[in-house]
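Shared between the two complexes below is chain A, which pairs with chain B and chain C, respectively.
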Partner chain A sequence: MIATQLLLPKISYFSILPEICLIVGALVMLAMTSVTRNRITSKVYTGITVLAGIASIGFSIKNYHDVLRSGAHLVIDKVLAIDGFSVLAAILVSACVIIAAFLTQNFVDRENWSGPEIFALMLLAGSGAQFMAAANDLIMIFLGLEIMSISLYVLAALDTKRIQSGEAALKYLVLGGFASAIFIYGSAFVYGSTGTTNLGQIASFFATSYYTHNGLLIIGMVLVIAGLGFKVAAVPFHVWSPDVYQGAPSPSVTLMSSIAKIGGFAALLRILMTALVSYKADWQPIIYILAVASLLVGAFGGLVQSNVKRMLAYSAINHSGFILLGLVAATQVGVSASFVYLIAYSFIATGVFSVVTILGSKGDQNHDIRNYRGLAKKHPYLILGFAVLLFGQAGIPGTVGFIAKLSVFEALARSGGPGAYSLVVVAIVSSVISAVYYLRVVIACYSKPDEEMIIPDRLFSSSLSPISPIQKADGDIGQEHEGVTLLVEDKVENLKTEDVDTQDFRVGIGSSIAVILTSGIVVVLGIFPNLIIDLANHATFIF
Partner chain B sequence: MTQTSFPFLTVIVLLPIIGGVLLAFVPVDKLAKYLALGVSVVSGVLALIVMLLFKTGDAGYQFVTNHSWVSSLGIGWHFGVDGISLFLMEMVALIFPIILIATGDKTKNNTYSAWLLILEGACFGSFLSMDLFGFFLFFELTLIPAYFLIIGWGGKERSKAALKFFLYTLFGSAFLFAAMVILVVIHHSQTGVFTFDITKLAHTKLSYASQVLLFLGFSAAFVIKTPIFPFHTWSPKAYSEAPTSGSISLASIMAKLGTYGLLRFDLNFFPQASYRLAPILLTLGVIGIIYGAIVAAVQRDFKRLVAFSSLSHLGFVAIGIFAFSTIAMNGAILQMFNHGILTAAMFLIIGMILERTKTIDISKLSGLQKAAPVLSGAMIVVILASLGLPGTNGFIGEFLILSGTFIGHRWWAVVALGGVILSAVYLLWAYQRAFHRKAEESHSVIKDMTMKEKLYIAPLIILIFFIGIFPSTMLNKISPSVNLLVHHVQQANHIVKQPAYAASYKSGSAASKNKHSNLNATELYRPGAPTSRWLYAAKSTSNETNLQMKTGSVK
Partner chain C sequence: MSVGLNYYLILAAVLFTIGLVGLLIRRNVLVMLMCVELMLNASNLTFVAFASKLKDVGGQADVFFVLVVAAAEVVVGLAIIVSIYRKRLGATADDLSSLKG
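What follows is the complex of A and B.
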């Protein structure tokens, strides 16, 4: 390089077309609205979002063929990697955005929202996640992280009618900003000890040099893991997630639970498995502890929740633990297994939150498990899809959730590292414990409306939390947080009201598409797992 | 292994599942039960054809179909049937059509029939799969329809029962899952091949310690599913809260998945661990026999009584498996079939009683015999078979198990024998209370069995006597596979160093044993027996003419 002048890198626009598609889609929508004030219906926005998503998938597939044909390559001054992992992750992100868009269309109509913000932000968040998955440079990861996170902060705050939404957004913003700062601080340490932020160059630095005192690097590594751990809600960086999941509008949570995880895990996998792979012995124990903690907290935390969104937050934490198992294995097989899990989890999570959004009914408040009673009678097919998705979460064979668990266990057992087998057992036990709360929801849906809720109340109030349902509702939003009295009153009010009306809703076409698509994928991939396992075997890093 | 051109087993497994899934989405409430019955009967007929074409005397798998399914993990769509699984398949094929006829009344819609069909397919799949992954898949898949049958059509506390049942079994399966993955990974590390093929996995070399751990992992799932004492606590609740169809499928069919798993996987994969840990399972089996019988005696709810009697009867099956004698194991497999038939008949009759009197509380029932003589007659036949009256199928099963166990594990057999007497106590006592006594007003006018009810109970009653009188028709088909399995265990434990025992069955002639040959070679071992006994055992093994006995003397 010539050092005398500021040289802008050559930008290979063609390689980043998937991201560009999403961003252009968002900009087109914003421009259209500014020209034709509020005359555009949500269908048009959905159409544009879906089109942008499909275009993005199309260009990703083209990139995928390039990778298969001519191998993985680095573009734009080596900050972005176009390899099997990044293009497949990009496809996954776009697919999640498309599903979420279908769902959001019915949601905004139901809630009388106008304007393209939610769609535009979903596309932007998606592009951020795609950048994170492709980033080959700590700075680029940070940029992707911020594009995604800032969009998600706003998405969490979008429901201006509900104070919970603002509260959730504030929590997410403050803690998320903190986590981003930690990440960039860690990156600074890594830069300080290696002289570069490029992941490839960090790896080659360690290939040629050896530190006798590597304290600085270890600090950097730990901070980077902590920052990304926050984004994927791994214990102990998870405390934000139940509150945010409960408060944020349901379509936003759909996205938050899927693409934020894809982006976060993609970055984490790439940093640890390429740049810091020679420090495997140092980060493996950290990941091990994070995995065990996430598995257990996710499994036990969900048991005592009566709010379904909150419960699903713990479920997401539990799944993070499973995805981390592939990283504990720290092999290429492990990366593929984590990727299989990410695919499976993303579809299941978007599907489950789609149903939850529908069931939330007008006001997006109807998320207490008691209000789910008798739904199966009224909406048999919707609840069947819901049951399929929840069984997928529980990892019942025949669903893709099982394949995902099988592949991470297999990868972990094959790595044969210290404590691998015992970790498999911990993970399996946690999956059974978490099955309790998935089944609770299914049972609630299939019980009669007037039937006493035998399961959650008796089972859990007697053994785990000896408090009355009303008190429990108070506790739901987290007792330690101040300023939620309004919320609590709201909640109690919600419990007292007749819950018959809340079940009278129509399932819109968009939501139906989202649910059919996801539950179909969950079953089809469960029966023909070759489709994703082969793909995931191509999800390799460039190094 | 024989290959056939028509993929019988694939069709048998897939037809009900596909039929069930289609039925769930086609709103044909009126027609649903006939369509479901049709599908189920077609599968049943195919299973019957398989039995007729089954080559007697062949110890290996027959009708094998093998296609790659998930190539990267070595998972195959791999089905086959041998003597061990043949009659379990027939049991599924027989009982599901009967359930569909018996319980398809007006209150049931298409979803109900759909769940039953899916359950049927899953049960077929678990018994026939030769791929560990496939087995696990179907084994777990049985949970979902059973769960929905309970929460959809069960009794008052069905939600609790369903959750308990689901979680309990899922918990067991979790260990099976872990052990399965670890076994496959160990096999991979030894051979470099990823496979879930059970015939190949059986050759995995395992240290004794890992055998024990994996054995415990596999067994956890199976003893809970069966259930074997003390892992039975889910079953009384689930049996009593489930609708008749659910109770039958849980007790008759799904319970056998557990015992089948013990037989097929534990003994095959971990022969040494199975052999050395056998005393634990024998003891649990015997405790189950006695405990189940005692607790059954004090039950007021008829369904709970059957739940505990099942615990008792499946204890026999467990000791039959872990006695490691060909006789006992033949008996165990026969008894699995018998128990399926008897429990199904019992629950069907209880279902009829419930329909007529609205209660199955034994203390509230009385004098049913006067009003419903045919129903009572059917019940007494089932009860007598269940307590092992000679001439019925129950006798053959229990007799083979007890005599086979007695040779190697004398004291367990002696204690288990007490269970036979106790079962007479609780069954006859319950019968007396419910059917004899002076009839209450409301019970004196109940309807007897209708024609339809007689028709669907009849095949079960006929089978009870048929097997009781001609057990050899079944035992001939069962025993070659059993001999192979027993030989496999013995060889792994260096008990017998003779060439494969099953060789003597090439001729395909009658091979079941009678009382006199009970004392032949392979049975004659037990832990800690003096060496001279082994020598004697080995010597008389060569005397194969002993085995070729006429079957008539079994009776």
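What follows is the complex of A and C.
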């Protein structure tokens, strides 16, 4: 008989205060809006979001000191791990939420949005990512994943004036739900073969018992990797990301590109490096293939895009490949290297999307690379920051992007596994190729408005102009059927936005803070890399 | 006579596959959401089957979490579909084709 008595675990609220701060911040905003009669300005919401984020960072730092002093520990019936990795990831998530909040303040004023939804959802998504990073149980990872994903679906749908926003959200929701279902089905198999969903207990199960029927486990493992691969947009699970990045409101993309990757990679690293580490030989080849595919598709896919947000989606896919390199190494050095890359990438991505949000100008539609021409003359400081951030993406020395790429290469080469060196070569080649499209944006900004660009808008001119009805399909939902035509209204909308002067806008204080913060971090960490490398060496898993 | 574990697992696998294939080939977004539900419930069935085999209550408790998440996902999904319907009559996957490049 199954035992009927359920014992409730002891909940140590102090350990989860970082998450609680973010959730309380969101609830306070929602409650405030429903009880007050006057319209609350976006400054108040931003203030609350930033305060909640800072409080969360504060409690995470306290947790970090606890970990350094008394070692990593498991709380709430061993479901959450308070260890170096989870605490540092929580700080990183809160930092991204704070930067995104500054940026969103100007965005909502520009677009005349009212209400706290975007800020509240950002905080909730952040709390989900923090839970994912700390989760030590497959079900807890699932819950964190869903808290984060469902918030992100709504964030993608928030721009109700544009049909593209709803379309992006629906694609994200359907494919995200699909990924979650695959993940939980895989978890069920892992549970069936080991008798537990707790990562620590799975690891000790493999350590103590000789396990012969591992067919179920391998199926489970593959499904879990596929489910999380969707969330971090690793090829071949990436098809949603260009569409979603293009259609969703830019501040949502800022958050999506950073915290979804932090949460997803934290969970993937923790599952593979703690619970399934004894099956290293089985999962390493899978991750190897994902890494190679992401590096190449990310690098080549970005070359043919004329929409900057779409191009950056491919860049995010490319970066996923780099973060996976640390996992291919499958060593503690590899985990630290992946973490260095996550830190670098999340600041660079939030920064780049901050600038893209500003350049989107009213209507959030101005994302074609041709409209970027001559921007440097009108907004020299903004474009300088943009250039620094894009150099960071390309991994040019002096920026933190270089340090990040170097550390994953080093970890992979040092691991000396089969094919490690050839993978490093693939990665270097892909980073050179992807540098072309980052530099293309910088060149566009610094060229004169009427001048032909040195590198054309579309490198392969065989594909048609951006507003042509039949376009080069790249495999998303709507394109599986041939001959799908754009609706006329969308074409008219696209044409209209090109007529107005889209370069005439004001850069608000909030956006300036976001860009200065991120580009500053990119340069400072690039010059003093020890700051993050020391931190990342503390990013270890409890085992 | 009791039904063996394998039968439950096979049924769950069949349900999961129906959901997976349905999601890939059906064009109606509502049906696609239903397919996601089918996949989630296939995993629930797997969890319960394993839990009763292992005589462990944990696996059965996990099902509640999955159910709650599935409900939340449908709520958000339907809300997004409604917001698209307001803009454009028709929300099949073929209508959603303005994003490409």
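What we mean here is this: the second predicted complex is superposed on the first by the 492 of 543 C-alpha atoms of A that agree within 3 Å, B and C clash if a C-alpha of one lies under 4 Å from a C-alpha of the other, contacts with A are read in each partner's own complex, and residues count from 1 in each chain.
FYI, a residue touches a chain if its C-beta (ideal position, glycine included) is under 8 Å from a C-beta of that chain, and two chains touch if they have at least 3 such contacts.
As the structure is a computational prediction, the values presented were derived from the model and not from experiment.
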{"item": "Partner chain(s) touched by A:Ser447 [first = chain B, second = chain C, both, neither]", "value": "first"}
{"item": "Touching partner for A:Asp109 - first (chain B), second (chain C), both, neither", "value": "neither"}
{"item": "Which of chain B and chain C A:Ile139 touches, first, second, both or neither", "value": "second"}
{"item": "A:Phe409 touches, of chain B and chain C: first, second, both or neither?", "value": "first"}
{"item": "Which superposed partner A:Asp77 touches (first chain B, second chain C, both, neither)", "value": "neither"}
{"item": "Chain B versus chain C as contact partner of A:Val174, first or second or both or neither", "value": "second"}
{"item": "Which of chain B and chain C A:Pro529 touches, first, second, both or neither", "value": "first"}
{"item": "If touched residues of chain A are counted for chain B and for chain C, the larger one", "value": "C"}
{"item": "For the chain C and chain A complex, residues of the former touching the latter", "value": "9, 16, 19-20, 23, 29, 32-33, 36, 39-40, 42-43, 46-47, 49-62, 65-66, 69, 72-73, 76-77, 79-81, 83-84, 86-88, 91, 93-94, 96-101"}
{"item": "Touching residues (chain side chain A, partner chain C) in the complex", "value": "1-3, 6, 139, 142-143, 146, 150, 153-154, 157, 160, 163-164, 166-171, 173-174, 177-178, 180-182, 184-185, 187-189, 191-192, 195-197, 242-243, 246-247, 304-307, 310, 466, 471-474, 476-479, 481, 484-487, 490"}
{"item": "In the complex with chain A, residue positions of chain B that touch it", "value": "24-25, 69-73, 111, 136-141, 143-144, 147-148, 151-152, 157, 159-160, 162-163, 166-167, 170-171, 174-175, 177-178, 181-182, 184-185, 188-189"}
{"item": "Residues on chain A engaged by chain B in the complex (per definition of touch)", "value": "380-381, 384, 391, 394, 396-398, 402, 405-407, 409-410, 413-414, 416, 421, 424-425, 428-429, 431-432, 435-436, 439-440, 442-443, 446-447, 451, 454-455, 458-459, 529-530, 533-534, 537"}
